[in-house]
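Pasting a structure here, questions to come.
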Amino acid sequence: MSSSHRYTLSLSCPDRVGVVAAVSGFLAQNQGWITEANHHADASAMRFFMRQEILADSLSFGIEALRDKFAPIATEFDMDWQISDSARKKRVVILVSKQEHCLYDLLARWQSGDLDIEIPCVISNHETFRGFVEWHGIPFHLVPVTPENKPQAYAKVEELFREAQGDVMVLARYMQILSPELCANHPGRIINIHHSFLPSFVGAKPYHQAHEKGVKLIGATCHYVTSDLDQGPIIEQDVIRVDHSDAPEDLVRYGKDIEKAVLARGLRYHLEDRVLVHGNKTVVFR
Amino acid sequence: MSSSHRYTLSLSCPDRVGVVAAVSGFLAQNQGWITEANHHADASAMRFFMRQEILADSLSFGIEALRDKFAPIATEFDMDWQISDSARKKRVVILVSKQEHCLYDLLARWQSGDLDIEIPCVISNHETFRGFVEWHGIPFHLVPVTPENKPQAYAKVEELFREAQGDVMVLARYMQILSPELCANHPGRIINIHHSFLPSFVGAKPYHQAHEKGVKLIGATCHYVTSDLDQGPIIEQDVIRVDHSDAPEDLVRYGKDIEKAVLARGLRYHLEDRVLVHGNKTVVFR
Amino acid sequence: MSSSHRYTLSLSCPDRVGVVAAVSGFLAQNQGWITEANHHADASAMRFFMRQEILADSLSFGIEALRDKFAPIATEFDMDWQISDSARKKRVVILVSKQEHCLYDLLARWQSGDLDIEIPCVISNHETFRGFVEWHGIPFHLVPVTPENKPQAYAKVEELFREAQGDVMVLARYMQILSPELCANHPGRIINIHHSFLPSFVGAKPYHQAHEKGVKLIGATCHYVTSDLDQGPIIEQDVIRVDHSDAPEDLVRYGKDIEKAVLARGLRYHLEDRVLVHGNKTVVFR
Amino acid sequence: MSSSHRYTLSLSCPDRVGVVAAVSGFLAQNQGWITEANHHADASAMRFFMRQEILADSLSFGIEALRDKFAPIATEFDMDWQISDSARKKRVVILVSKQEHCLYDLLARWQSGDLDIEIPCVISNHETFRGFVEWHGIPFHLVPVTPENKPQAYAKVEELFREAQGDVMVLARYMQILSPELCANHPGRIINIHHSFLPSFVGAKPYHQAHEKGVKLIGATCHYVTSDLDQGPIIEQDVIRVDHSDAPEDLVRYGKDIEKAVLARGLRYHLEDRVLVHGNKTVVFR
C-alpha cells in the first residue's frame, strides 16, 4: 500500500451535530485509512471546517467513485467541498518582475521535489529572468505592462494562465497591481506575497514606511489576491527583528528572507488543500 | 447551553480503520456537540491519538454515564483513555525554592482566572515565599531538604501532595532532584521546567554551560519528570537570542522570561488534556 | 574596584569627525575604564548617538566633577547629554487598572532585584490591587477616573508623581488615555505598553481588531507616551503566533505574555539609559 | 564622497584604558569619518574587541598608508588586527554535494548583488549542480570523495582553493568531513552549516536524532570548521518550531529553510569582518 498516494477531502458547512460522524462513518465503511485529520468549529460563524487525508490504496475504488459516493453526504450537510488527488501535480504559474529571491527559492524547491508541482510557465514584465527560467526547461513569457496597455496585458496574462491550465497563480514579487477582472475571475487561486506585516504599511514602499515609523520588527504577508489592494484573506505571516542601525535598504534586504519563506509556506498550505477561506479570513490546517 | 462546561475525551490506541467513525458516531448518536477535535496517526508506531471537546449540556446525561457508555468502544479498540470535566478544577501543587519568577507568574495567572485551577498548597525547601503565598490565601509548607534527609523529605512532599489531593505537581524552579520513588509513583503528573534547550546542557548551571559554549540562543524545556534526570518526555520548549555581550548572569536573567513562559504553556497543555505521552515523547494538541 | 558601580554617559549631537576621539580621549585622560560602548551614526539625519558605561571607581573624582569636566566637550560638539549613576536607583511609578499580568511581572523583577529600582508608589483607578501592592510594602493610591473628573484626576496623578520624585511613569495596562498636558510635561518619561503590533490596530480592543482581520501573529508595543494616541516613539515590540482556532479571548490571553515581556524589556532599556529619542524614533543600544 | 567605499578596521587586544582613545584619536587626526563602530570588553578574558567602518574618501591617503600609519598603535596595544577594503570583493569558494537549497540561496544573493562577492568556483563531489553553476558563468570542479581517496581529494580541494585565491571556503551542505590538515591550514576561513542547534545532535542525521528525542524546535548552526567535528566557534544559530505530526522527512524539509538563512547570515557577518574569534567563541558585531 503506497503511503504517498493520498486523497485529500476538504470541506466546510454549517455546524451541527453529526458532521464528523457522517464523514468518518462513510470513510470507515469503505475501509478508508485516514492519515491526517483536522477539524475547526467557528463558534461565532457557526460553521464547521474539516480536512481529511486518506490513503488512496485503502479504498477499493478511485477518486471519481469516491466523489460520487460522497456527494449525497455533501448535499445532506450543505457542504462546500473538494477532493484532490496527490498523484495529480498542481500546476503553478509564477509571475515575477526583476527581483530574484522568491523565484530562485521556488525553483530550488521545485528542482529538488520538495514542492511537488508542475510549473507550466513563468510570466514576467521584464526579460531579466528569461535565461534562468528557460535553463530550468520552463517556458518564459514576456508580457510588458505599461500605464497604457494594462487591460490588454492582463488579458494576455489570463490567456497564458488558461492555456497553461494553471491551478494557481503566484505573484512572486510581481510588483504590478492586477486588474479587478483578473482578480475576480480567480478567487482563492491567486497568491501574493506582500512585503509588510499587514495590515500595517499597505501599498508602495512598505519598508520605507516601516523605517520612517521606527518599528522594531518588519514582516511579510502571504495572502489571496482580491480586487481590494493588499486586503485579501491572509494565509501566512512572519516577522524579523530590525533596529535603529538598519537603513531602508537593509530592511529591503532582510525582508527578502522573510518574503520568500512566508510565500513558500503559504503556497505549500494552499497546494496541500490546507487553506479554507471563509469571508475575508482563512482556516489554515497546518 | 453553557459554552464553557465541557467534557474532554483524550485517548490513544493501535491505529486501524474505524476509530474516528466509532468515536464520532457514538457522540453524534448522543447529540454530543464537538467544539474542538484533534487527531494524530503515528505512522511508525502505528498508534492513533485523539482529543475531543464536547459541550457538556449537549448530552442528556452526565460524565459518569458518558464514561459507562463509552467504555465498550474503548475496550473494542484497546484504548488508553480518559474523560475529564471542565467543571472540576484541577489541583496543582507548586514546589519552589528561592527563585521568584515562575511562582509570581503562576499566581498571577491563577489570581486572574486565566489558569482555572485550584492551588491547594505550595511546598518549598526555603521560607522565602511563605508570606507571599500565604497572602494569596494558599497554604505554604516548608520541607527542608538536606543531603541527609532526602528520603524523609520526599516522603513528606509525597504525603502533602496526597493530602492535597493534587492532580499535578509543578516544579517551578524547585532546584532539587526528586527521589526516583516519587518520580516513579506519579508518571505524567510531575512537570518540571529545565533552564536549557534540552538535550543541550543537562544538569547543573546550564546557562554557564551555554555561555562557555558560545551559543547564540538559549532556551528552556518543560517536561514530565522521570527518574532519569532531565530526560523525561518534552512538552514545550522555546528559545531567546543572546550574544557575546551577555555574561552568564545576563543569560540567567533572560532565561527567566523563557522559563516562566514555557512552563505556563506546558502546564496549560497538560491541564487541558492536550498532552498524550507515548514512550518518551509527547503528542501535544495545541 | 567595584565592577557594578558605573556611570553611564549617553548623548547625541550633530555628526562630525572627532566626536568619539574627544569623548574617549577625555575618558582615557582621566583613567576612565569603559565597560560598554555603543555608537550610532544616522546618515540621513546627520546625527551621532553614543552611550558609554564607565567604572565609577576608575575615575579619581565623583559624578559631579565628571559632569563639570565633561561639560566643555558637550558644549563644543553641541551635545544633548546626560550622565547617570548606577548607585542611584531610578524611581518608577506604576499605573495600573484591573489587569494583573504586567504588575505581577514588574513586582517579581523588583522583588528579586533583577530590576534595580525604587517603586515609590503604585497608582490605580481601581482598588483591585491595593492589598497586593501594599503587601509588598509599596504605597498604593486610588485615583478614580470618570468622564467628568479627568482634568482633576490627571492633575492628582501628576501631583503624586512629583511627590514621589518619580523618574519614569509606567502605564502597566492602565487602560486610560492621559491628558495632553500630562504627556507634554514629561516627554520621554512616560512609558506605555500597547496591546498590538503598532502601527496596526491603534486604539481600543486591538485583539478584537486582529481577530477580525485574521492576522497570523499578534504583538505588543512598548513606547513613550505623547499626546498623540499610540503614536509615540517605539522602544520595543514583539509578536506571538496565533491561528484560526483562537477566539478573541485567546488572543487577549496570549497577548498578556507578550505585553509583559515587551514592557519589561522596554523599561529596562529606558532605565539603563539605552534609549535615545530623535524625532519620533528611538535609538536603542541593547 | 562615496558613501559605499569603506575601510573596515577590526581588532582585539588586551583590555586597558586608552584603546578607544588611541584608535579614535588616530582616525580623527586623519579626518577619518566613522560610519559604524562597535566595541566589546570581555571582562573575564580581559580582552577588548573593536570594529570600525571608515569612509575611504574621508582619508587623504589609501589603504596601504592607513595600515602603515596604524601599525605603531597596533604594536603599542598588542593588537590582533586587520583593515579590509570594501572595494575589494572577497572570493568565496562554495563546496556542495547533492542538496540544492544553500547553493540556490547563495547564488540568488550573489546574482542580485546582495552578497557583494566573487565566486571563483564551486567544488562538488557530485555532478548534480554542474549545469546550474556553469549557467551562472561560474567554474565547477568535480572532486569525487571516496573512503580510499580522501587525502588526495582534500589535497585537490585545497589546491583549487589556493588557485582560486579564495578568501573563504563555504561548506553549503557539503556532507563530507574535511581532513584535519585542511581545517588546520585555514583557521577562521572555512564556514560550515550544521543541521542542528549545536551542541545538540552532533554528527550524522541530526534531524532523525531530533525526531527520536521529541524536541519541539529544530535548528541550524553556522560555525567555523576546526578539526574537531561540529565543535568550531559558533557564528550564528536559529530554530524553527515543529511538533508531533512532523516526520523526520518533514524536519529535513523545514530544516532547509533555517539552514540557508543561518548560513547566509553567518557568511555575511564573516564577509563584513563582523566576526572576531577568541578561543572557541566568537564576538559578532551585528
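Just so it is clear, A, B, C and D label the chains in written order, and each chain counts residues from 1 on its own.
In this section, a residue touches a chain if its C-beta (ideal position, glycine included) is under 8 Å from a C-beta of that chain, and two chains touch if they have at least 3 such contacts.
Which protein is which chain? UniProt says A, B, C, D = Formyltetrahydrofolate deformylase.
All of these numbers come straight from a predicted model, not from anything done at the bench.
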item	value
Interface sides of chain B and chain D: same vs different residues, half threshold	same
Pair joined by the larger number of C-beta contacts - A-D, A-C	A-C
Chain A and chain D, separation of their C-alpha mean positions in angstrom	35
Geometric centre distance via CA averages, chain C-chain A, whole Å	42
For chain A, residues that touch 2 or more chains besides their own	36, 43, 245
Chain C partner contacts - residues on chain A that touch it in the complex	40, 42-44, 197-201, 213-217, 219, 233-239, 243-245, 247, 280-284, 286
Footprint of chain B on chain A - complex, ascending	3, 17-18, 20-22, 24-25, 27-29, 31-39, 41, 43, 58
Contacting residues of chain A [partner chain D, same complex]	36, 99-101, 104-105, 107-109, 111-112, 114, 131-132, 135, 245, 253, 256-257, 261, 264
